[in-house]
Amino acid sequence: KSEEDPAATGAGAAPAASQVVQSAAPGAATCTIDQHGGEKIDLKTAKVGFSQSEKEANPFRIAETQSIKDEAAKLGITQLTTANANSQFNKQISDVEQMIDAGVQLLIIAPLNSDGWDSVFAKASAKKIPIVTIDRKINAAACKDYLTFIGSDFAEQGKRAADEMAEALGNKGEVAILLGAPGNNVTTLRTSGFKDQMAKIAPDIKITFEQTGNFSREEGQKVAEQLLQSKPNINGIYGENDEMALGAVTALKGAGKKPGDVKIVSIDGTKGAVQGIVDGWISAVIESNPRFGPLAFSTAGDFFGGKPVGQDIIIADRSYDESNAKADLASAY
Amino acid sequence: MTVLAVAQRRAGTAFQRQGALAVLAVVVLIAFGAFPNFRSLDNAATILVAAAPPMLIALGMTFVIITGGIDLSVGSLYVLGGVLAAWASPYGLLAAIAVPLAVCGAIGLLNGALIAYTGMAPFIVTLAALLGARGLMRAVSDEGSTTYIVQNDAFHTLGTGSLLGIGNQVWLVAIIVLLGMVVLSRTRFGNAVYAVGGSEDAAALMGVAVRRTRIGVYVLSGLLAGLAGTINAAKLGSGVTVLGAGMELDAIAAVVIGGTLLTGGAGTIAGTVAGVLLLGVIQNLINQVGDLNSNWQQVISGAFLALVVVAQTYLVRLRRT
Amino acid sequence: MTLLEVAGVSKVFPGVRALDDVSFALRPGEVHALVGENGAGKSTLIKVLTGVYRPDAGELRYQGEPVSFATPMDAQRAGISTIYQEVNLIPLMSVAQNLFLGREPRTTLGLVDRTRMDREARDILAGYGVTTDVRERLGSLPLGAQQMVALARAVMIDAKVVVMDEPTSSLEPREVETLFGVIQDLHERGIGIIYVSHRMDELYRICDTVTILRDGKLVHTGRLADLERVRLVALMLGREVSDVRREGFTVFSGDHAAADDTPVLRVSGLSSRNRLHDISFGVRPGEVVGLGGLLGAGRSETIKAIAGAYPVDSGEIEVDGTPLRHPTTVKAVAAGIAVQPEDRKAEGIIPGLSIRENIALSILPRMSTFGLVSDAKIDEIVDRFMKRLRIKASSPHQRVGDLSGGNQQKVLLARLLATGPKVLLLDEPTRGIDVGAKAEVQALIDELAAEGLGVVLVSSDAEELVEGSGRVVVLRDGAVVGVLTGDDVTTESLLATIAEAGA
Amino acid sequence: MTTLALTTPRRADWLPRYGVYIAIAALVVYNAAFTPYFLTVSNLRIQLIQVAPIIIVALGMALVIGTEGIDLSVGAVMALAAALIPLYLGYGVIAAVIVSLLAGVAVGLINGALVAKVGLQPIVATLALFVGGRGLAVVISDGQLKDIRNADLIYLGSGDLLGIPVLVWTAALAILVVAFTVRRTVFGRRLLAIGGNRPAAELAGLPVQRVLITVYVLCAVLAAIAGLLSVGRIQSSDASSIGLLIELSAITAVVVGGTPLTGGRVRVLGTVAGAVLMQLVIATMIKNNLPPSTTEMVQAAIILVAVYAARERKTR
């Protein structure tokens, strides 16, 4: 028997907001099965492999894996094999290679890292297996090494976070960044995007503190505690994911601050964070939608059906603030 | 220690070595029956290629553990090696290999020197090295945000190319493992390694150069970890920075499953090889099962680890009586 | 011309001045006895001579040249090889490897030439009466054989000086003879020998000169022949010749048991794996029962089996009439059995802990209320036993690891006695301890028997065994091959029994 | 044997004993000079709160290391405790706490049995649960991070008692209990004896297996306590990240505090000091906004220096 969870009640009932593609710029590169190679097959009977990068232990990964599985089930794809690399890159490489050996005809990969896929590409292109990479991009040639990338633009997310922060602070003040795991592309892009945009739109906002919270709530809280103690006059905290932002919220409570004393902006759009907006602790959350299932399979379907598919399918991420938080809470993941 | 205890230990290690090989054989047979995909040659090749870097690391770890020591820094050195290799690749094949080996060897030397001359516990010295080497890796890759791309075809083929359908690095590792066996069982250094682990004081009184031997094994371990990172970089085509966490523990587990005594003085490379392959095969099987939740995977790996080690110990007991 | 010489060496350990301005000289071809009480500084002096310790003061001269050995290896290279007090070989490595470690024969490729190594090892060891398979782990050999390997190793390198620190302490008579043969041969080859032993008769048999240490100081050096036995002992102990003569050397006064007493310990049909076969004997209160036999006969195993430290397959053990089922060490101690293991360092003392902690170890529950130890109670007990056993230490808080062999042994005995046992199992209680301490320990055993304890005594020293025990049970290959009682308890009949059982 | 009075302290003996404290002092001085708002109550409070769980775990680890063992599973235990809390919070905080402590007991029994009865090397015995334990914890909490709203539990992790955080009180209590156990109790002395020479302890009739199992249970229970307090502190239960890599921090604290890995000795206050030292290092790095690379290399250096100072010198 577990504690009643008001946030949970009603959740799931509400329609999970599925991904929407940004209206692709005209003339954006596309890819067809002739360009890529390989023969047309029926997705239903195809052997599909999905390689997840991190443990399904945070909302994003859970939702991502689930949506792939659900969609496969929905389309009646029976031969779906999944593997999880538990954040060990070498494991992900051998996971995928093993799938190729097992003769999968379509690979959906959530890469742990953007580089280091040469051996996989070598193996896959030999068998002309199309690779759809989701959420993180791989630094290689689309339509050749891999088929297409479906996901958010992390730098863009950083930019939008900067906009929200600038607005919340009225273009002046001191801001701290809770960085994600060091060396992670997501971290790098969400940081650069935020900084560049901030420098452009609000030069009076100084970024005086950057420490990693490793995408975890506990570490986010620890770092935030140290921050608030040694920089009492900080005005804003940018969390590169919701977990760290929520850690910061706990830290603020601990430091006796009131909602709104320190503006918090973060990225992901998990229930907890959106609830945080409702409660007034968080100013804005940029969504990073993990429900890749429908888009991934429809793209693959089009591809095998001979239709051209975009090489860079960027999804339009929503954003939450006090205006829509309450309404959209249920559709957050 | 009483003479009998030693006799038991002896029987123990002898059996444990066979034990690891036996368990491996059993598991492989079961897999053959259960999973059609497991039987393919490609799959075997995949397992071997994936096992190549851990094999090198476990090889070095075997030497260290036989001297009664332990090396926790290998995981970090592995990543560092890869990053340095990719970073140095533009300067040619030689540089791509020499630079990581030089740096990792140097860190191994530092480990060994501190352990041999200050009498600090290997566990803590190499734990510090684990942190230090990782810090160094972040420093050269500006906090890990830059991933250096391998820019040397010769080096690249070392990782991706293959000979007789088996990856080049598998051949390379096989050769190194064989060399390791010779060094351990047929050279004075090898004997010294066993002697130091068997009884440091006795070894010293018998005129073994204890310090030089200790330093030697840590340098070796450092070099092999660095090389593991290097060949891995050659395979991945870049110096990935998000690797190696917990690699040291996998290596230790493999060595122990291979029947090497953590207390030192006894152990074989053949056993270690079996240990590494065993872990690799298990991983492969867990994947064969298809959609197994990642957390369950961990539970199973843990349970299996306990199972193997406990089984061995009891088999040893039986053997004793 | 002197071969090896030290002048005015001193060595201080925390709390102890182990060597105090000691001088010592060894001539070629001389067999030089180095004697002294436990803790006199013999081993320390040897370790200074062989580069294990660096002296705090003093000069070391070798073949006339001043030298200082940084490591034992340096000393070895210079031709000084040593057999240390505790067998210092590597149990997990093969006999041959132990013999050749560091100087293995190599093939043209520079690889170790196993076949040649094994062959040579076999030939060399044969000369020392060791005929086991040289590829066996050294550890599987009996201690005696191990000692022989150490000896062979020491003599193999063309040494100019051979140092032996209590080499016979774990040798059986036959092996001792082999050893003396070797020494004789070295002597003739003009090699200098430093010989440390607590066994008087050995010293007088083979040594030319003697140097006596007491409390780290030099008290006498000169020709041994000119030195009367009692006088030597008097010098060692720093007592008057007269009282030494009065007390004599062995202090056993004989049997205290009344024939009709019911046995306090009864062992019947004890069998264990392939080491012990159907061993039965009883010990009456006040009786000292000796276990005789050669090394490897299974005496230690017998004792450990009784103490619950060695698996028992069948057989019964009764203490004071109450049977001890599935004995564990815990049950055994509770039942009143106290065991002093053969290997003091590995299984006896806890070197890192203080004398105090070691003595109180087995009786902590009695020293405590509700699990809280009372230091007052402990101090009282510890004080009593340190006095009674004359334990020599800077304080009850000294690390036992830093004590000399004899004193470590006494601390161990103190721990056993503190438990107020009914039965004492003593495995080589006087191995490697000096005449003074030896006499004290023997007297103690006697005294305890007189108080009505049952004692089981294992000793490789036939004399001690015979004089100490009222009855001797002779073992061989883990089985009883004879029991000596009454007037039969003599060295001759003991050796005879062992011999004929062998035949 | 002329005996130099032991009362005259040995040369350079104070260094091993007080090295850690000196290091702490040095660090405090540095921060006082260069870090704003360092010498403030609020800072002391935060550092204590953050170090408390590590101290609690390290104390258990110190006991295990005292027996010449090591326990890699403490992080997994924290995760298990954390995972169970929300499942039973419905029955009230007491129930939840008890359940999570029981989880600790269970893990401790397994580790202890593997070490004492089966006779595995501690590092291997606990490696199994290190690998599997966290996975199990995440399975139990089916991968979900669960927010905690139970006031009582939050009080345990975030509340104050007489102006001092409950977390800190708990750590202080744990220190006292462990110190007392080691110094004054039969169990403590036996523990040290076993660490000093196990075969000897067996022959001396000590209940070796029982003591060993108890030690591992104690260690795991302390870890469980740390786990549930952390849940109360971060006001959510995240089995996948709670106590991650804490085993290394704990071991570091113990060894930096001067407890030898070879067993036979346990330095409780040293362990606490070790934990505090490492906490101060991290705090200093964060407050001065240094990148991870620097932090890690500095940590490495400090560990080496501290352990070098605290190491046992061999007389030669």
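The letters A, B, C and D name the chains in turn, as written, and every chain counts its residues from 1.
Keep in mind that, in the parts below, contacts are C-beta pairs under 8 Å (C-beta built on N, C-alpha and C of every residue); 3 or more make two chains touch, one makes a residue touch a chain.
Protein identities per chain, from UniProt: B, D = ABC transporter permease; C = Sugar ABC transporter ATP-binding protein.
All values derive from a computational prediction rather than experimental measurement.
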**Fill in**
Most contacts overall join chains B-D
**Asked** Farthest chain from subunit C, comparing Cα centres?
**Response** A
**Asked** Cα centroid separation between subunit C and subunit D (ABC transporter permease), in whole Å?
**Response** 43
**Message:** Nearest whole angstrom, what separates the Cα centre of subunit A from the Cα centre of subunit B (ABC transporter permease)?
**Reply:** 35
**Item:** subunit B (ABC transporter permease) and subunit D (ABC transporter permease): spacing of chain centres that average the CA atoms, whole Å
**Value:** 29
**Message:** Show the residues in subunit A shared as contacts by 2 or more other chains, in ascending order.
**Reply:** 55-57, 182
**Item:** Touching two or more other chains - residue numbers and ranges from subunit D (ABC transporter permease)
**Value:** 138, 143, 199, 292
**Item:** Sequence positions of subunit B (ABC transporter permease) contacting 2 or more other chains
**Value:** 1-2, 138, 143, 293-295, 297-298
**Message:** According to the definition already given, which pairs of chains are in contact?
**Reply:** A-B, A-D, B-C, B-D, C-D
**Item:** Footprint of subunit B (ABC transporter permease) on subunit D (ABC transporter permease) - complex, ascending
**Value:** 70, 72, 114, 118-121, 123-125, 127-136, 138-139, 143, 199, 248, 251-252, 255-256, 260-262, 291-301, 303-304, 307-308, 311-314
**Asked** Which bits of subunit A are touching subunit D (ABC transporter permease) when the two form their complex?
**Response** 1-5, 7, 55-59, 62, 182, 208-212, 216-219, 221-223, 225-227, 229-232, 243, 246-247, 250, 253-255, 272
**Request:** Mind listing the subunit C positions that touch subunit B (ABC transporter permease) in their complex?
**Result:** 52, 71-73, 76-77, 82, 84, 88-93, 97-98, 101-102, 104, 106, 110-112, 114, 137, 139-143, 153, 273, 275, 300-301, 310-311, 342-343, 346-347
**Prompt:** Where on subunit B (ABC transporter permease) does subunit D (ABC transporter permease) make contact in their complex?
**Reply:** 1-2, 114, 118-121, 123-125, 127-132, 134-139, 143, 249, 252-253, 256, 262-263, 293-303, 305-306, 309-310, 313-314
**Request:** In the complex, go through subunit D (ABC transporter permease) and note every residue touching subunit A.
**Result:** 35-38, 40, 42-43, 46, 49-50, 86-91, 138, 143-150, 158, 230, 233-236, 238-242, 244, 283, 286-287, 289, 292
